[in-house]
Every structure is written in C-alpha cells, then in structure tokens.
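When the chains are written out, they are named A, B, C and D in that same order, and each has its own residue count from 1.
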C-alpha cells in the first residue's frame, strides 16, 4: 500500500478492512486505551457476524455485542474496575445467557500463545499443562499432548490465532505508517500486530516522516494497513500520558446497559446519534487531561 | 488503636506476603494491590510486584481504583508484557499470585466462568478466569481473597471448575491451588498434605458458628481458636498516610465498620 | 541477589556463574558486540567442557574452541566479513575436522525458536517444515510431526533451549542491574536473556539508579545475575554508537589462527599475557571511536 | 561506457529485483547488499530491504563491508529482529532471499555444511547454512550468487544438502530453491516446471564452452545465446558516486577487470 494511502477516513477504512464476518482482535486492557472510535464506527457501519478475540477489554466487547455485530467472542476476562466498583459486562452477559452468541472462553496465556504462534506463522504451540480446568472440556480445539522429549511432561496444544484485523488505538504515527504506542513495554502489541492479517490503527496525531523523535517505533510501517487520526480515540477509556478514564460516562453506559431498551437508547444517543467520534467527544465532553500527579 | 474492616483485610492479606517474593495481582484487584504496597512498605521491602499491565514495582502518584490503570506506569522499576509474567512463572521464577473466584470449593478450585448446567447457555455468565487456570499451578503460592463469605460462594463442589485447586486425580500432573483464602469473616489455610482447608484465624468480632454456617464445605478447626492479627500502628499509618490517603479502601470494601 | 552484589569483578563472576561443563549462549552477531572480555576471561579461567550455543558470532566461538574450553558447539553460521574479505573460523574448522568437538549444526530459525520456547518455559516448539535438508538426518533431536489441526501440514519439532548462562556485552546498566543495549530493536536479546538460566552482562558503563534517562530498558534487573563494567568489552568487535571494529587486530588473530602453534602464541601474548581486558586494550590499542559518518 | 566486472555482477543481481519486493540479505553478503541498494536507487524505489541485523531500508553514511555492521542502524526506516524476518516469511510476507552455497547442484540445492562423507568428522567443515534450509522455501523467490564458477562448486549432486532445492520426492511438501543463479560467468534460471536450470545469459567476453566445461551439471541452452545486459550509465553513476564511492566492490570481487 503506498504511504499516502494509509491515512484516510475511519469510515472508509472500516468499510474496506472490516467486512461482515471478520475475525477482529481488539487491543487495550480494562479501561485503558480501548479502540473506542473504531468500535463505534463498526457499530455505525452495522457490521454483522463478527468473531471477536479480546484481551480483558470488556467495554468495547460489550458495545459490539449489544449492537448485534457479533456472533462469537473468544475471551478470558470481561469486566473492569472504576471508582464506582466492579463493572460487569451486561450486554455480553445477557447475550451469552440468552444463547445469542458463542462464548469461547479461553485462558489468558492460551490466547497470548495462540497469537505468538500466529505471529510466527506456525500452526500450533504447546503451553504448560492446565488439566483439571473444565475449560479443556469446552474447548475441543485444545488438545493434550505429551512432550516428545519427556513422556511425563504433558502440554496443552493450542491452535494459532491469525485474526483478520487488529484494532488498536495508539499515540502517534508518522506519515509512512510507523506507529508509536507510548507505554514503557508495548512489545506484545507488536506481536498481536504480526499475528493479525490486517492492522488498523487510530492515533492521536500523525507527524511527518522523521519526526517521531527518540520514540521507539512500536509497529513498523510495513505491518500497518491503515492509520487514521482520531483525537481522543480511546475515550471514554484512558490513554497513558494523554487523558484520563471518564468514569462518569462509563457509569452512564453501565446504567443504560442494564436493559436492552436502555442499551438501545444509548446506541441511538451516543453512537448512531453522533456522526463520528468528534461528535461523540463533543457530546460527552473532552476527557480530563492526563495528570502525572504531584 | 481503632481500625476499620477494610484496614483489617488489607493488613491480613499483606501479612501473607514474604520479603523477597515476586507477587502478581491480576484484573480487578485493587484490594490485593493495596495489600502488596503495604507489605512492601513494611515487612517485605524486597518484594517485587508485577501488575497485569506488566509494570514492575509501580509507585503511582495517586492510588488508582484499577489494577489496569495506566498510572501504574507513572513511576516503576521497569516493565514487562502480560504473557511474559506467565513465562516467568512457567520457568519457576514467580512466587505469589492473587487469584479470585466467584465460587470456591473445598479443594480450592475456583469458578469464574458460569453458573448453571449448560456452558453455552448458562444461568449466569461470569467474567472469566483470566490467567487463573495456569497460574494456579505455575506460581509457587496462590492467595485468594473473597468478600461476602457465604454458602453460595464457598461450596462443597463447583458446578464448573475454571482453575483447578488441590485435586489429585490426574496422574503426573503438577498440583496447584490457594494456600490461603482470606474472606470477610476469617482466614483459611490449605494443607497440601491433608488436602483440606483449616481455619487459621477468625476476624475480630466474628464467631465460629457464623463462619461454619456461612461455609458450604467442612473445614478443620484448631483446638484453640486464633483471632486474626490486628493491623499494627505502623501499618495503619502507612496505609492511611501514604498508600491510600483518599480512602479508596472504604469505597471498595463497603461499609467502613470501625473495629475497636 | 541483592542489588549491590551485581557489580563485581569479571573474574569472580566467571568463577561463580560459568563452571566447567556449562552450556553457554554467546550474544553478538558477526563482528558486532561480541562479549570478548567475558570470552577471554573464560579462557584465562581455563574452563573445560563448555557446550556453546552460538549466534553467527564466529570470533568468540573460534577462540573458545582453540583454547580447548569447548566440547560441543551448536551453531548455524560461523564466519564474517571484514575489509580483508570473508573470515573463515579456522580453530573451529580444525577442531571439527579432527573430531575434537561435537559440531551440532542447526538452522538459524530453529535456534531462535528453541530459545523462544526456553523463554516461555515450554518443552518444545514446532517450526515450519524444512524436510529435504540433511540437517534433519544429523539432528535426531528434531522430529517431524503433522499439525493436529491439518494432517497435511508438517512441522519440525525442536526442543527448548535453556542454556545455563548468557554472555552479553551492552552499553549501560544502572546499579540495580537494568541493562540497556542501545540498538533500535534489541528485543530478541531480551528473549535470550529469558531463555538462559543465568545472565552475565558486561557493560561500558554503570550509572546510578534512575539515571538511564529516556533509554528503554532492554533487560530488566530481575533477569540479570551479574553486571560488570568493562570498557571496550566488545573489542576487537564493534559496539553501536561507541566504537568501530578493529579489522587490523582481527587480521592478526586470523593469521595466528591458521596453525595450532600460531594460535597458541596468540593466546600467550594477547589473552594469558594480559591480566584482564584493560591490559588487552592497552596492548592492542583503544578501538577507533564510532564515526556516524558525514 | 566502460565498466568493471564487479559492476557487471552488481548490476546483474540488481536487475533480478522487482519494485515493491521485500528483499533479505543474510550473513557475509556485501555484494548482494550493493545490488539491493542499486535496485532501490534505480528501478525499484519501493523495494523494502531487510538486513540480517533487522534494520529495514538502511541508508548507511558509508557502505560497510559487512552486512552485519552496526552502521546499518545509522539511518533506517525502522528495524525488526532476526527471527521476525523468518516469521514474516512464514506468514507469506517476504519476497526475495539471497542465499549462497559453497556447492550448488542441478536442483539448486545448497551445501554450506560439510565436504566429505563423515558429518561428525568432515574433510572440510564449512561455515553452516544460516537460515537457508527454511528460507529457501519460505521466501517467494530465492536468488543465488556464486563467485568462481567451477565444476567443484556447481555439481551434479551434493554430498550434503543443507538447503534443499527443487527436489520433488517428498509428498505434501512445499518446494523451494533458487530461481536465479548468477555466477562470474553467466546467469542461470531455474524452471519450476521442467525442474532444470537453463542458461539465461552469458557475461560479455565469456564463451559457452567455458561455461559448459566449468559446470558440473547439464543445463539447457537457448537457440540464440543472450549476453548479460550491461550496466546502464545511470546504474554506473549511482553505484560509483553514491553507493560505493570508496570502491569496496573491487576489494570484494577480486580483480577489477575492465570490460569495454
């Protein structure tokens, strides 16, 4: 893809890179740097039949499920803490309890290792034995195998994950598509970008080539299919060094998500009711600036 | 010295940690995070603390509610990625994981997945077991914390085992499970030899009958019943003044009942 | 290990961390940042029976083999280019041709994946099929296995490598033992540090805690067993941004290494004849300062 | 325009690369590095170049002798690690690898390991095949370069196959091997359908009989013999002025025989 093509509108990018039925890996953890702008745009594009693979980033997953975009979710923890206490993911829970979506529960390390295998281009990877967990009874794709080098050492074999598309919100990209996630140790984000077949990144800002300064590049340009500038693209979740989590808006969402009707209203007001993420931010207010503390 | 119930819980969890240990707290574990900070600030200065974000020995300027808050990056010794914490544990390099369960059975197995018989259409879909199923055996020790001690939570047998405890019917398998289970009523310890929980101590102002009637499995009791150690003056001072000056602990642990 | 114990003399550290018979992984590539100070100290300590696992860093391997320290070497390429042309590794070649050491030839990716498996604490890892190579006939520890998910997809199973000790030369460490290798993408060095059971790092300089500046830490302190300050510790090989390769001294070595007698003289003059790396640098002259070019 | 033999070789290798391709050079490959720089500076501006150090699209201030020189970090688009280049290739994301062999046989198999019958005590211990055994099939195309074209190097059958070429006796196996083999005498191409090398062109001032007598395997020759394309004026200017102003190419490629 020519460099100049990498920056475009989020809507166009979703149309191109996230067709119905895609397997989507959603980056971000708890209420930290979830790709909310991309998630909302997928909802606006009324995508259907998505198969999600999630880190513990329930808010994004809950909204995609509630909006009917999802047919399957692979996950290992959905929920998070705010200053209002533990946040259960109500649309997820309701959809699973009603049998509307397939809930492929996994184990955190199994998903990470499956992504490592996907990044390496190998079809499977062994992980240490965790027999005794009933998860192995509900995951018939996980197999038990002894080590060829020690018949007493049992391993669980996990198939590689190579999701169709990665959704990531990061700090900065340059015009070639080099992406910087400004956290002290973002290497696993690179691994997920390698595992995914297409990489869609929203960023706070795009700079000229050569202007990334001393920041180490997190994802090199040749792995990136599209970069879209979306200020506050992670809001209402936080972005390290940029802005704080909006616990109040999350509380509004959580109250709405208690019922299907409430969720539908939230959807109409905050997602379909906003033409894009800028309009959403106008509506909920800019997130509080990052405070490094005393 | 007067102290609150949340302070007792944090002090009790803290006292389970030993100097020099490598300690991990997972998702949604702010109480465990405070306990870890308290241990490091008191009896365990060489404890090495790993959060789910991968930050090592964070010193946030303000205590966050979430163990996934990016403020845990503000000041830290260094960092690592989430799967690398598992890697370390697989190589025998991690000591303590705090693991929770919505339900816990007599072997210390944890259920974080579903309530109900049909996994694909459960009565209640729980959040999921995160890294528990492997961590429960790849870490040297596991500590569990359960608020709202009741027969619904502490059960004889789990409907679904997310993270297996000290069951022993699989040959050639490493074992794992909680060594300590702290609740809002008491402290249980698990004996790896007898494969049973025993009551280690009861919290002040709680009686044995309450513990028994609220627990869904049988447990051993010692001849002389111990009372959970009260927080020391030093612990209270550090907790109130340095770790949690904004009193997040009361938000998290419900009514700040004061204990004499 | 308490922080204060991490900085000590190289000789002491070799005595403690590299006993006879150790499996040693040597970092560095071609004539770039080889841990030459540590290698020379191992020779001075007259270690025997070492099993080496090597990146393509022939100079270090050749000297250890020539000095009789080695009983086995696992490798995939030994040799490099200087301005005098291609440098074959003569003591290695002579020792293998005489049957004095076991030459376990592998394939670059197989060694890297074996180290990844070692770092992850899994007993083996599959890599893509490379049947047809006679290496599979001489490596009976590599097995052929089809994917459990696709019987037509064959893989080569490689056992994990967890060498006893890593030798690394890097730029800087702080007094806690956090290590910075100042290259743009040093992540695989972290993986090797995770794979190895003990980590021995020589560095150009040791700074106070908190004084690593904006450099991203390459290896966190809790993975590091010993840090020793050895200026020019990679010479006569290069160190990025610090000093250039000493092609002239390498030519002296290569001429010596043509015969056992010549090598013995080199050993007497440049290794046993120098009490430590400082004396060696005094003898061969400081390497040329790094020149970033016009 | 007059040009030297090294210039012909570099231009010939360069002309094998196509715009937009992702190209890898391995250990001890300075000639291939120059050819890649030349292609990128002329007909293949969107070529993406990966070195064994992991640097992507390096622009060193001075051309190094070694493809492992840290000066390849001086200016580069970004970087990646050595195993990640294999990872990319495994996922079908890499195009061209330059792979060499001390010996090459009629199927394009490469020997970089041993000469002699006893692997554990060979007559000659060669440096090793680096990543070749896998790269030869995980990259879309492989280009080989062999100086000193002789019957000792280009053999009917290898004594030891480090990296297997276009052999086809293993079922269900992906195939691989060099598509192009450039020597100091000529250019061979391998036909994936006929499974044979054919002579693509002979270098200026070389005759067919020399090529035949120096080659240890049979190869097909076209009806009308082509001469290897000479370097263009633009290529020579760029190579001499920008890529290799200090004339490393003559050091590397032996006698700078001038070709009219």
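For this structure, a couple of remarks:
What we mean here is this: a residue touches a chain if its C-beta (ideal position, glycine included) is under 8 Å from a C-beta of that chain, and two chains touch if they have at least 3 such contacts.
Note that this is a predicted model, so its numbers are computed, not measured.
When the partners of chain A are compared with those of chain D, the chains appearing in both lists are C. Centre to centre, using the average C-alpha position, chain A and chain B are separated by 28 Å. With centres defined as mean CA coordinates, chain C is found 39 Å away from chain A. Averaging C-alpha coordinates per chain places the centre of chain B 59 Å away from that of chain D. Each chain gets a centre from the mean of its Cα atoms; for chain B and chain C, those two points are 42 Å apart.
Counting partner chains per residue, chain B shows two or more touched chains at residues 78-80, 83-84, 90, 138. Counting only residues that touch two or more partner chains, chain A has 113, 116, 120-122, 127-128, 184, 187. Touching chain pairs in this entry, ordered by label, are A-B, A-C, A-D, B-C, C-D.
Remark: chain C residues 113, 116, 120-128, 141, 143, 145, 147-150, 153, 155, 157, 159, 184, 187, 214, 216 touch chain A in the complex. Listing the residues of chain A that touch chain B in their complex gives 29-33, 56, 58, 75-83, 85-86, 88-89, 92-93, 96-99, 102-103, 105, 107-110, 112-113, 116, 127-135, 138, 152, 154, 183-185, 187-188, 238-241, 245, 292-294. Residues of chain A that touch chain D in their complex: 2, 119-122, 162, 176, 178, 194, 217, 220-222. Taken in their complex, chain D has these residues touching chain C: 27-28, 30, 52-55, 60-62, 65-71, 73-74, 76, 78-84, 86, 90, 109, 112-113, 119-125, 127-134, 137-138, 160-164, 167, 170, 172-174, 248, 251-252. Per the touch definition, chain D reaches chain A in the complex via residues 22, 46, 48, 56, 77-80, 83-84, 87-92, 138.
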